[in-house]
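Quick one: this structure, given as structure tokens, is what I'll be asking you about.
Order as written gives the chain letters A, B, C, D, E and F; numbering starts at 1 within each chain.
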Amino acid sequence: MPISRFEPPKLESLPPDIAERIAAVQEKSGFVPNVFLALARRPDEFRAFFAYHDALMEKPGGLSKAEREMIVVATSGLNKCQYCVVAHGAILRIRAKNALIADQVAINFRKADIKPRERAMLDFAVKVAERSHEIDDSDYGTLRDAGFSDDEAWDIAAIAALFAMSNRLANAFSIRPNDEFYLMGREPRG
Amino acid sequence: MPISRFEPPKLESLPPDIAERIAAVQEKSGFVPNVFLALARRPDEFRAFFAYHDALMEKPGGLSKAEREMIVVATSGLNKCQYCVVAHGAILRIRAKNALIADQVAINFRKADIKPRERAMLDFAVKVAERSHEIDDSDYGTLRDAGFSDDEAWDIAAIAALFAMSNRLANAFSIRPNDEFYLMGREPRG
Amino acid sequence: MPISRFEPPKLESLPPDIAERIAAVQEKSGFVPNVFLALARRPDEFRAFFAYHDALMEKPGGLSKAEREMIVVATSGLNKCQYCVVAHGAILRIRAKNALIADQVAINFRKADIKPRERAMLDFAVKVAERSHEIDDSDYGTLRDAGFSDDEAWDIAAIAALFAMSNRLANAFSIRPNDEFYLMGREPRG
Amino acid sequence: MPISRFEPPKLESLPPDIAERIAAVQEKSGFVPNVFLALARRPDEFRAFFAYHDALMEKPGGLSKAEREMIVVATSGLNKCQYCVVAHGAILRIRAKNALIADQVAINFRKADIKPRERAMLDFAVKVAERSHEIDDSDYGTLRDAGFSDDEAWDIAAIAALFAMSNRLANAFSIRPNDEFYLMGREPRG
Amino acid sequence: MPISRFEPPKLESLPPDIAERIAAVQEKSGFVPNVFLALARRPDEFRAFFAYHDALMEKPGGLSKAEREMIVVATSGLNKCQYCVVAHGAILRIRAKNALIADQVAINFRKADIKPRERAMLDFAVKVAERSHEIDDSDYGTLRDAGFSDDEAWDIAAIAALFAMSNRLANAFSIRPNDEFYLMGREPRG
Amino acid sequence: MPISRFEPPKLESLPPDIAERIAAVQEKSGFVPNVFLALARRPDEFRAFFAYHDALMEKPGGLSKAEREMIVVATSGLNKCQYCVVAHGAILRIRAKNALIADQVAINFRKADIKPRERAMLDFAVKVAERSHEIDDSDYGTLRDAGFSDDEAWDIAAIAALFAMSNRLANAFSIRPNDEFYLMGREPRG
């Protein structure tokens, strides 16, 4: 199965910084997630994409790592993005230490085993994903009532927006989720 | 009128590379487009955003500059993003040397004074914006028939995806278009 | 560029009352808006259309002229009607003495520089345009709270309804906005 | 039950031309359809509305009377307009001399006992009602292939557009269909 | 006219229990509703379908028979199911002893002559039909406030769900409503 | 966590046939899927539901068992039914002996690793689920071209319709998928 509609570049032809980033993720995960290979075809876009990703998903403080992945999985489910639901579903299971949460959030976050704070976060994220032109003061008020700071509100919106882009890239390019993701984080840790 | 729901940083507090970029755009345009100030609140996101933007919108070769802006205006109109329609509408008028095209494309690209090639490009871009999960081989075939290379197809999809993000950020943060944009490129050049 | 999919009648062949109306608008505006020529192909429909238009848009009292045009621009934007957004956008700029308002209202009235009274008016108009079967007492109550009389509520609904028709005619017949409209009301009055 | 949210005028207070029109319809039908009373509150709008209605629905030649009513019933069903479906359903049954056709067309014209020509007509009318911004050459080509002249295409579009207005007025004003309409044209003629 | 896209079985070839059920309905109604013949092609599915139907629509206690039919007509109208609207519209007129109610509910239940209790019931039923994934505690709370027990809430949801199935079968198989249904219950009882 | 909004009956209070069915599924699966307990609250509905289910999902011949489950998973994903996607996703993995297929089909069947025959089957099933009123001859023609008999076309439609009901019941009653389903069929068989 091709990993994307666009042929990925040969690893040995990659600029050193990109080769290094790919080697690092392989070291950490045991495989190279296909989005790295697919986007490496365009080094400048690769760099910008992962810089944006890291700025929102890896920065210290604010939303927990599990909360961030929950936003990704909920909005990617609505956008019917196979790569993002499968790959970030795996990461969410691991970050939340919860084998069930990713499928629940991807199918219908309203029925998921989540806290009221997480529900408020996802309601906002989903509105950014689907009807951002209707976002207004009352949405920010609801977030504040649920305990989110203004900077966390920014983060929720920005993560939903980043994956509005990412979902469309993965869908348009038919980026295939690696087989490894499907089972990750599903098994009880012995 | 505030330029965004989130207070922009003071110019003198900005990291030098960001201050420099803002100075450069002010030098070129005569004013600072509000998206620069609004995003400067988050330097890492600012850098990633404009790196992505430049990689797609400013790179040499491929789609013409006017074609790229046409994609932005058509998809931003569908997403009801005031900042992007007004700001990129101005740029489109200038790049296309056409005072009417931006309003036409923003309201209903199907009735705009565009060529069949441009129509095929916008049909694809709009599908990426609205129903990317349904993109398939036949969409790429239509683009090829209209004269686009595979790399140009990537560009169309990627620009539509980037502004799927950008529209949601501008909507969620209520980024206000600068008054200067509304009239730019509308007057006949003497 | 043809002004419509249907060839307009020759001016000299028009019934005198229609010729007169067209001469009057040309005298006033400096050009003949294309909707007059396009509809003149059917004299009885022309007469009924402009009688309806004048009864709602020109009658004394009630909503201000700028408010009426705001309804037209907001609902025509949602219906993606190029003629109505461009032509009535020009009239709105002039009536409201505001160079920015028309683009703002056409793209997303929720982000426009409008007063709460105008927002309530547009919320109602847009509901008539998009979901009239759900209009109920509570919508009229909201209008009353915003200061509108029952007769003004009728006017808002009727203008939104008239342009539901007008937008569909202009879209189905591909009526082209005159080039003159694009720039009208955009320049500061010296 | 009130015939409309807005109180209708007293019959004796009506301008003579409107009183006369109402007397004529009562003479012909045996009762006064409520839309006449509801709109009589605004004489100028009443005159324009019925002038438009007559120009499209009563003019000689072109589409048959039954075809015109079919357009009204199909589009009014989609717009969920109780007054228009019930009242024009009755007229359609009478004009088409068919007791079943109105309910079939109102619920789902695709399953109605209609000819291919009528199906092509309704497909076009429904596109005008729901997605007029997507109407293009190919829609007119399909109509031509089904035997419609360009002037008949205009009529189909204009009737669908007129009832886009009419449906919204009846919905927004809660105009109630007269009880008499429900049974009209349903019984076999002895 | 065929009663369905799939040829119905010959009556003499039917299993005895099914033949008996069909004879009983013919005895009671004076004709065999086409859904019985259409589904008899598959005896096991026929038995399951009518067992489900009877369990919800015929059981003693709880919602009135007229209320149950109202749910069927409202949701079948939204699903554009010709068979179900026409056939159950007839039953609703008879059960409610009201010649007007079925058309009103099918076209737009919000404008029908119904009580607040019935409106709450239909709001819930329609949400089950159209957006069941958004049903939550507040919907059940609203039903309780309108006087419905939890078991009646189950019934409303289950009837809406049963006809979600039934509407899709009738639409996919083009099951034709018998001519007899159209006039049933419309005439004043002498 | 409750298995449903409605309290399930005590096992010892169940009618013998229902108790037996539940014992059988527990014997076979090692646990009792929650839908059995949730529906047992209503014995007649339970019997009808599983009779219908078995008639379509367990009968010999025609569509393969894996194909039938694929229809369930694809349509349940669109209806955002957590119970049905998780439970039938497990069954699909087992029936298809494929650890990846269920997530792929649930998220976006257009990107799943399926054959053209399966794609045609799912396109039809999804149309039944979402727009059954538009099903016509051409849909059956496409199925025939893909190798399906008329009776298999009935099966596809009927399965999609049955789960249109089932999804709405599970959503409205908040039936919770058993934890056991999430991991079933995901691990390589040693």
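Operating definition for what follows: contacts are C-beta pairs under 8 Å (C-beta built on N, C-alpha and C of every residue); 3 or more make two chains touch, one makes a residue touch a chain.
Everything quoted here is computed from the prediction, not taken from an experiment.
Note on connectivity: the fewest steps through touching chains from chain B to chain F is 1. Among the other chains, the CA centroid farthest from that of chain B is the one of E. Computed from the mean C-alpha positions, the centre of chain B lies at a distance of 51 Å from the centre of chain E.
We define each chain's centre as the mean of its Cα atoms; on that basis chain D and chain E are separated by 29 Å. For the pair chain E and chain F, the distance between mean C-alpha positions equals 24 Å. Shown for chain C are the residues that touch two or more other chains, namely 80-81, 108, 111, 133, 171, 174.
Here, these are the chain pairs in contact: A-B, A-C, A-E, A-F, B-C, B-D, B-F, C-D, C-E, D-E, D-F, E-F.
Contacts from chain C toward chain A in the complex involve residues 108, 110-111.
Listing the residues of chain D that touch chain B in their complex gives 133-134, 136. Per the touch definition, chain F reaches chain A in the complex via residues 1, 77, 80-82, 85-86, 99-100, 103-104, 106-108, 111-113, 171, 174, 176, 179, 182-183, 186-187.
Looking at the complex, you find that chain B touches chain A at residues 5-6, 41-42, 44-45, 47-49, 51-52, 54-56, 59, 79-81, 128-129, 132-133, 135, 140, 150, 154, 157-158, 160-162, 164-169, 171-174.
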